[in-house]
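Structure in C-alpha cells, see below.
First chain written, first letter: the chains are A, B, C and D, and each begins at residue 1.
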Amino acid sequence: MSSSQNSADQLRVGILGVGRIGSMHADLVANQVEGAEVAGVFDVYDEGAAAVAQRHDVAQFASAEELIASDDVDAVAICTSTDTHIDLLVAAAEAGKAIFCEKPLSLDLSEVDRGLAAATAAGVPLHVGFNRRFDAGHRSVRNAVADGVIGDLRQVAITSRDPAPPPISYINVSGGIFLDMTIHDFDMARYITGAEVVEVYAKGWVSVDPAIGEAGDYDTVTVMLTHENGVVTTIDNCRQSAYGYDQRVEAFGSGGAALSENHREHYGRTLTASGGSSALVPNFFLDRYIPSYVNQWVEFVAAVTNGEPTPVSGADGRAPLLMGLAANKSVAENRPVTIAEIG
Amino acid sequence: MSSSQNSADQLRVGILGVGRIGSMHADLVANQVEGAEVAGVFDVYDEGAAAVAQRHDVAQFASAEELIASDDVDAVAICTSTDTHIDLLVAAAEAGKAIFCEKPLSLDLSEVDRGLAAATAAGVPLHVGFNRRFDAGHRSVRNAVADGVIGDLRQVAITSRDPAPPPISYINVSGGIFLDMTIHDFDMARYITGAEVVEVYAKGWVSVDPAIGEAGDYDTVTVMLTHENGVVTTIDNCRQSAYGYDQRVEAFGSGGAALSENHREHYGRTLTASGGSSALVPNFFLDRYIPSYVNQWVEFVAAVTNGEPTPVSGADGRAPLLMGLAANKSVAENRPVTIAEIG
Amino acid sequence: MSSSQNSADQLRVGILGVGRIGSMHADLVANQVEGAEVAGVFDVYDEGAAAVAQRHDVAQFASAEELIASDDVDAVAICTSTDTHIDLLVAAAEAGKAIFCEKPLSLDLSEVDRGLAAATAAGVPLHVGFNRRFDAGHRSVRNAVADGVIGDLRQVAITSRDPAPPPISYINVSGGIFLDMTIHDFDMARYITGAEVVEVYAKGWVSVDPAIGEAGDYDTVTVMLTHENGVVTTIDNCRQSAYGYDQRVEAFGSGGAALSENHREHYGRTLTASGGSSALVPNFFLDRYIPSYVNQWVEFVAAVTNGEPTPVSGADGRAPLLMGLAANKSVAENRPVTIAEIG
Amino acid sequence: MSSSQNSADQLRVGILGVGRIGSMHADLVANQVEGAEVAGVFDVYDEGAAAVAQRHDVAQFASAEELIASDDVDAVAICTSTDTHIDLLVAAAEAGKAIFCEKPLSLDLSEVDRGLAAATAAGVPLHVGFNRRFDAGHRSVRNAVADGVIGDLRQVAITSRDPAPPPISYINVSGGIFLDMTIHDFDMARYITGAEVVEVYAKGWVSVDPAIGEAGDYDTVTVMLTHENGVVTTIDNCRQSAYGYDQRVEAFGSGGAALSENHREHYGRTLTASGGSSALVPNFFLDRYIPSYVNQWVEFVAAVTNGEPTPVSGADGRAPLLMGLAANKSVAENRPVTIAEIG
C-alpha cells in the first residue's frame, strides 16, 4: 500500500489532526492497511502537517473544510482535540464522507447527540475509535462470551493502568479520568458483555500526584457496573503503573472464565537462587496496541467498502459518555447512580 | 509426631467436632505438626469420634465439657457447628485452655463479644482459623505490601470461587454467603492491606441455583471495600466455578503489583494445532490449602508454646463479621454502608 | 489407614531399610495409602528402625530374614543400599512375597538377571521404584503420546538437575551418575516413548566439583538416545542447580508437543519497575515428588491385590541399567554405543 | 524515514533481490529504520523489482552491477539466491560498499573464503544476516550468560521448528537442512556461549515427508555440539510443527538458567471444565522475528555510520558453515566429527 498506488478501489482517507494519534493513523493507513490510502492531511500546526504530508507524499490541505470538501477524499479521520470533534463530524457528514472519529466523541452529551443526528441524517458510515475492541486478546474474551464457551456470563473484571500520568495541561482539558481513560473500559464492559450498563458505582481518589487532585481530577478509580442482564463488572484504573502499561480483561461465566493477559517486552526469563525473573509489561501503549489499530482500520475500510455497519457505531460512542458522567456523579455523591438519571 | 511420642514438650490438643474440618485438623496435628499431638476428641456423632480416636490411638471423650476439663489437654480446637462456638470458647477460656476456633466465631456480634471478653478475662491465647493467611502465595502478596516492595498500596482485588455450592441444608445454617464464604476474603483484605475497612458496598444475586435464592441467600457477589487508608479492595465471589477452586489475590501500589495466582492440578500441558492446553485448577479446597492448614498449626503451636500473640487474634475474628453484616445491609439497601453503622 | 486398622483386606508391607527413602515409604504406607499398612520394619541401624517402628506402632524385626519370613508380611519393600538389593529380592521371592524394590536393582547386570530369574521362578509380583512415572505432569506427557494427542512421536527432551551434589562418600558407592541419577531419565525415555533404546551417545564432564572428578565420576552429562522406532531423546543432567530441583520432560510429535514443566514453591509473583519476579522451583525432591510416591504405592497395592502386573516390571528395572553401562562406555570412547554391545 | 527524506546523513541501501526476504528488508529500511533509506533495488524478476521500487518511490536498477556501481548507494543488501551471494559480495567489496549479506554466505567453504578475503582486502564492513541474534528474548539469554547472571555456563539447549516444510524445489537447492535451517541454531550456539564449537555429533532422519528423504535431505535432526570451553549444546530441529514456529533457547550455568520462550499469537486464554486453553505460537516467522530484523538494521546502520565492527562478522558467517558440513558428515558416519576435520 502506498500513495503511489492510488487507484479506484482504494478508500482515500483524509486525516484531520496529525498529532501523536493522527500521525500514527496516517502511518498505518499508508503502510499497513490493504484497500486504503492517505488522501491528504490537515493540522492547525502547519509544520506537523507538512512533515506527515511529505513523509507519505500526499497533499497538505489548507483547512479542514478544504479536506472535507475534496473529491479526492472518501473518508475523514477526525483526530483533532476532543472539543472540535462534533463540528468536524457534522461537516464531514454533510459532505457525505465516511467518518472515523477518535474517542471520546465529545465531553458534552448534547453535542454527541447533535453529531449522531447529523450522521444519521446524512446516512454516512460513522465509526468511533475504540481500538481495544480489535486487540486479539480482548477479542478472544469477547468471543468466548459471545460463542457460549464460558456459559452464562456472571462477572467481568477490567484492569487498565497507564505507565505515567499525562501533563497537568492535558488533565485540564481531558474531561477527567472517567471520560478520558476509563471510557475505554466502559466501552470494553459493553463489548465483552454485549449488554448495556444500567447503574454505576465509583470511587475516585488521588494517590499518584496531588497536582492532579488540585486540577479537580482523580488519578485512581475503582468502578462497579451493573448491566441490564445482571452481570457485574469491576474496573480498576490508575494513571501510574511502575511495571508498564497494564491491560487486562477477565470474564467469568457458568461454564468457565476467559482472560486477556498482559504482554511482556520479551519472553526471556532467568531462574537463579533469587527466584525467577521476567521482562516488564510493555511501557508504551503503541507497543501493546498497534495491531489493534491496524485491525480497526482493516475492519473500518472493509465495512465502508462493503456498505456494512461500522464495527463501533455512534451509539457505541455515546453510551460510555453516559457511564462516565454517572461515574463522576457517583463519586461526588458516594452512591450508585443509574444511567437513566443521566440521559 | 504421633500419639506414642507423648511428652512434656508437646502441646496436647483436644479436638471438639471431628466432621470434615475437625477430622482434618486431627490428622494434621497427629502427623504433620512438630511440637503438638492430639490429646483426644469429642463429637456428638459418637461413631465419627470413635473412628478418629482409633485412627490416632487417642482418647474419645464422653462430652465437650470432659475434654475441656481434662488435665491432658493444653489447647482446645473448636471445630463444631458455628452456633456452638462461643459457648465452647467461653468454657475453654474459663478452663484456662489455649483456644483455636474455626471461622466464623459466630453469626451474632454480641455472642462474639461475649466470647472475646471471656478469653480476655481468662488471659488465654485465642486464635481464629483464617487459614488462607498461611498460604505461601497469599502471604507473598502480604509481604510484598508490608515490606514496601510494591510501594504505597492503592488497590487490591480478591477473587474467590468455589467449585460447587454446598447443599441447601447447609446454606440454611451458613449465615449467608457473606458470613460463610466472603468472610475469608474480608479477612484477606485486612491481612493484605494491614488496614481496617471503613465502608462496604456490595451486590449480591443468584446466578447458580434458584434454590439458593429461595433459601434467602445469594450465590454470586461483588464487593467494594474502602479501607481507612483510602485503599479500595474489590472482591468477586461465586458458589460455582467450572474450572475448579479459584483463589487469587492481587495488590497494586506505587512501586508495582503483587499477585497470588491459582495452582494447577499438574504442570503438564500440550501444544497442538488447536492451541495450548493445560490442567485444571485443583477442584478441592484441601488440594489447594492443606499446606496453609499445616502452617497455621505450626504457627499457633509456636505462639502458644512461646507465650506470644496468636497469629490471628479475636479482634481479627470480629472485624470480618462486621464487614459481612455491612455487606448484607448494603445489598438490601443498594448503598455503601459504613462499618460504624454496624457496631 | 493406620497400623491400628490391621485387617484381612490390607496389604501388609514389611520395610527393609528405613533410611531417608525407607522411612518415607513407611510414613506413606502408614498414612496415605488405602489398602496397605506397615507390618514391620528392619534396619541394620537399630535405633533408626526403632524410631520408625515406634512412630507407627509396628513390629521391629530382628533381621531382614525374620521380616521376610514373617506370616504377617505380604509384601517386602527393599529400601536398603543398592549392593544388598538382589540378595534380599531373591530371599523375598523364595518366601513368596510381593516385592517393591528401590532403584537401581543393582549396578551389576548378572546380579539383576539373578534377581529377575528368582522372581520369575517364584511367580511373585516384582515392582521397581521408578516413582517419576507416577508424577501427574510427566504422566500427562506419556498419555499425550500414548493417546495419539501429539501424533507420531519424533523427539523427546528430558532435563533433570539436582539442587546440590551428594557427599563424595555417596558418589563413591553410587555406581556413577549414569546409574544413580540419569537412570531415572533412562527410565523416563522408555516410559514416554513406549519404545526401547537401541543406541546411546553421551558426554560426561565435571563442572560442579573437582572432587567428583577425582572420585572418578562426572557431575554433568548430556545424552542422546536413539529408540528402536527412530525417535531421538536428549537428556541434560547436572548434580547442581542454583534455582532448585529442575525436572522437565518434553515430547514432540507430528501433531504437537507435550511438556511437563517445573513446579514453583508458590504461585505468588511481583511486577515492579525491575521486571517480574517469581518463586523458586522447589529445592527438595520430596516437595516435588511426594505425590508420585503415594501414587506409586496405590498402584502397586492395587496391582498386587488384584493379581495384575506391577506398574514397573523387572524388565523395566533392567533396561536402564544397560543404558547406563552403554553411556559410561560412550563417554569413555567418545562414540555411539549400541545396547546390543552391552547385554 | 522515507525516500523523500533523502539527505546526507542517511545510509543509502541498495537491495539486491526482492523476493520474500529482500522485499521485507526494503520495507523495513524504508519505514522503520532511522538513519537509513532505500536507494534502489534490483531483481532478475523485473516485475517484482518494479513493484518494490514503485512502493517506495525509489530507483529500479537495470542490473546488479549498476546498483553496486551507483554513487547513490552506500551499502548493498544481498538478498538473492545463495549461489549468487559471493560473486555479488566480491563485486560490492571491490566497489567499496558496506555489505549486508543474507545467510548462508555460501554452501561452499572455498567460496566463503573468497568472499571474506575480498571484503578484508577492500576494508569494507561486512555483516551476515543472522537476525535471531537481535531477538530480544534470545538476546536476554546471551546477556545473562555474558553478564555472569547465570554463572559459569554448562549446557545449552536450542529448539527450532518450522511450521511447515518448504517445497521440494527449495529443498533441492537449500544445501540440506543443516546449512539451511540448523545454520541459524549453529550461529545461536556460538552467540549464546561466546565460544567456538570443536565437535559435532548429529542424527538426521525423515519423519515429516518421505519426498524430503528422496531429495537426499533430512527433515528432523538432533545435534550435540561440544564447545572449546567444554559447554555442550543440544539442538532439536524439525521442518514441521503443528503448533507454530517453535523458537526457544535455554542456557544453564552454575548460577542458574536463562530461557527464551515462545511467543503466543495473543495472550487471551480460557479456563473451562476441560482445562486451560491458550493461543498458538505464531505460525509465520515474520510474526515472531520482524522486530529482530528491525533491530539488526538499526545496529548495522549504526556500526557502518560510526565506523565500528558490524554486529555479525564474516567469521561469524563462516563458522556455522563448518558446523553444518561436520553435521552432515556426522550423520553419514554416525560418529562425532571435529571441526578441525572440516576446515
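Details
In this text, a contact is a pair of C-beta atoms (placed from the backbone, for glycine too) under 8 Å apart; a residue touches a chain by one contact, two chains touch by 3 or more.
Note that this is a predicted model, so its numbers are computed, not measured.
Of the two chain pairs examined here, B-C and B-D, it is B-C that is joined by more C-beta pairs in contact. Of all the chains, the one whose CA centre sits at the greatest distance from that of chain A is C. One inter-chain figure worth recording: chain B and chain C are separated by 38 Å, centre to centre, where each centre is the mean of the chain's CA atoms. Each chain gets a centre from the mean of its Cα atoms; for chain C and chain D, those two points are 43 Å apart. In terms of their C-alpha centroids, the spacing between chain B and chain D amounts to 57 Å. Annotation for chain A: residues 150, 242-243, 255-257, 269, 271-273, 279 touch two or more other chains. Listed in rising order, the residues of chain D touching chain A in the complex are 2, 4-5, 27, 31, 54-57, 135-141, 144, 149-150, 255-263, 265-273, 279. Within the complex formed with chain C, the chain A residues making contact are 242-244, 264, 269, 271-273, 275-281. Residues 150-152, 154-155, 157, 159, 161, 201, 203, 205, 207-208, 220, 222, 224, 226, 230, 232, 234, 236, 238, 240-243, 246, 252, 254-257, 334-336 of chain A are the ones touching chain B in the complex.
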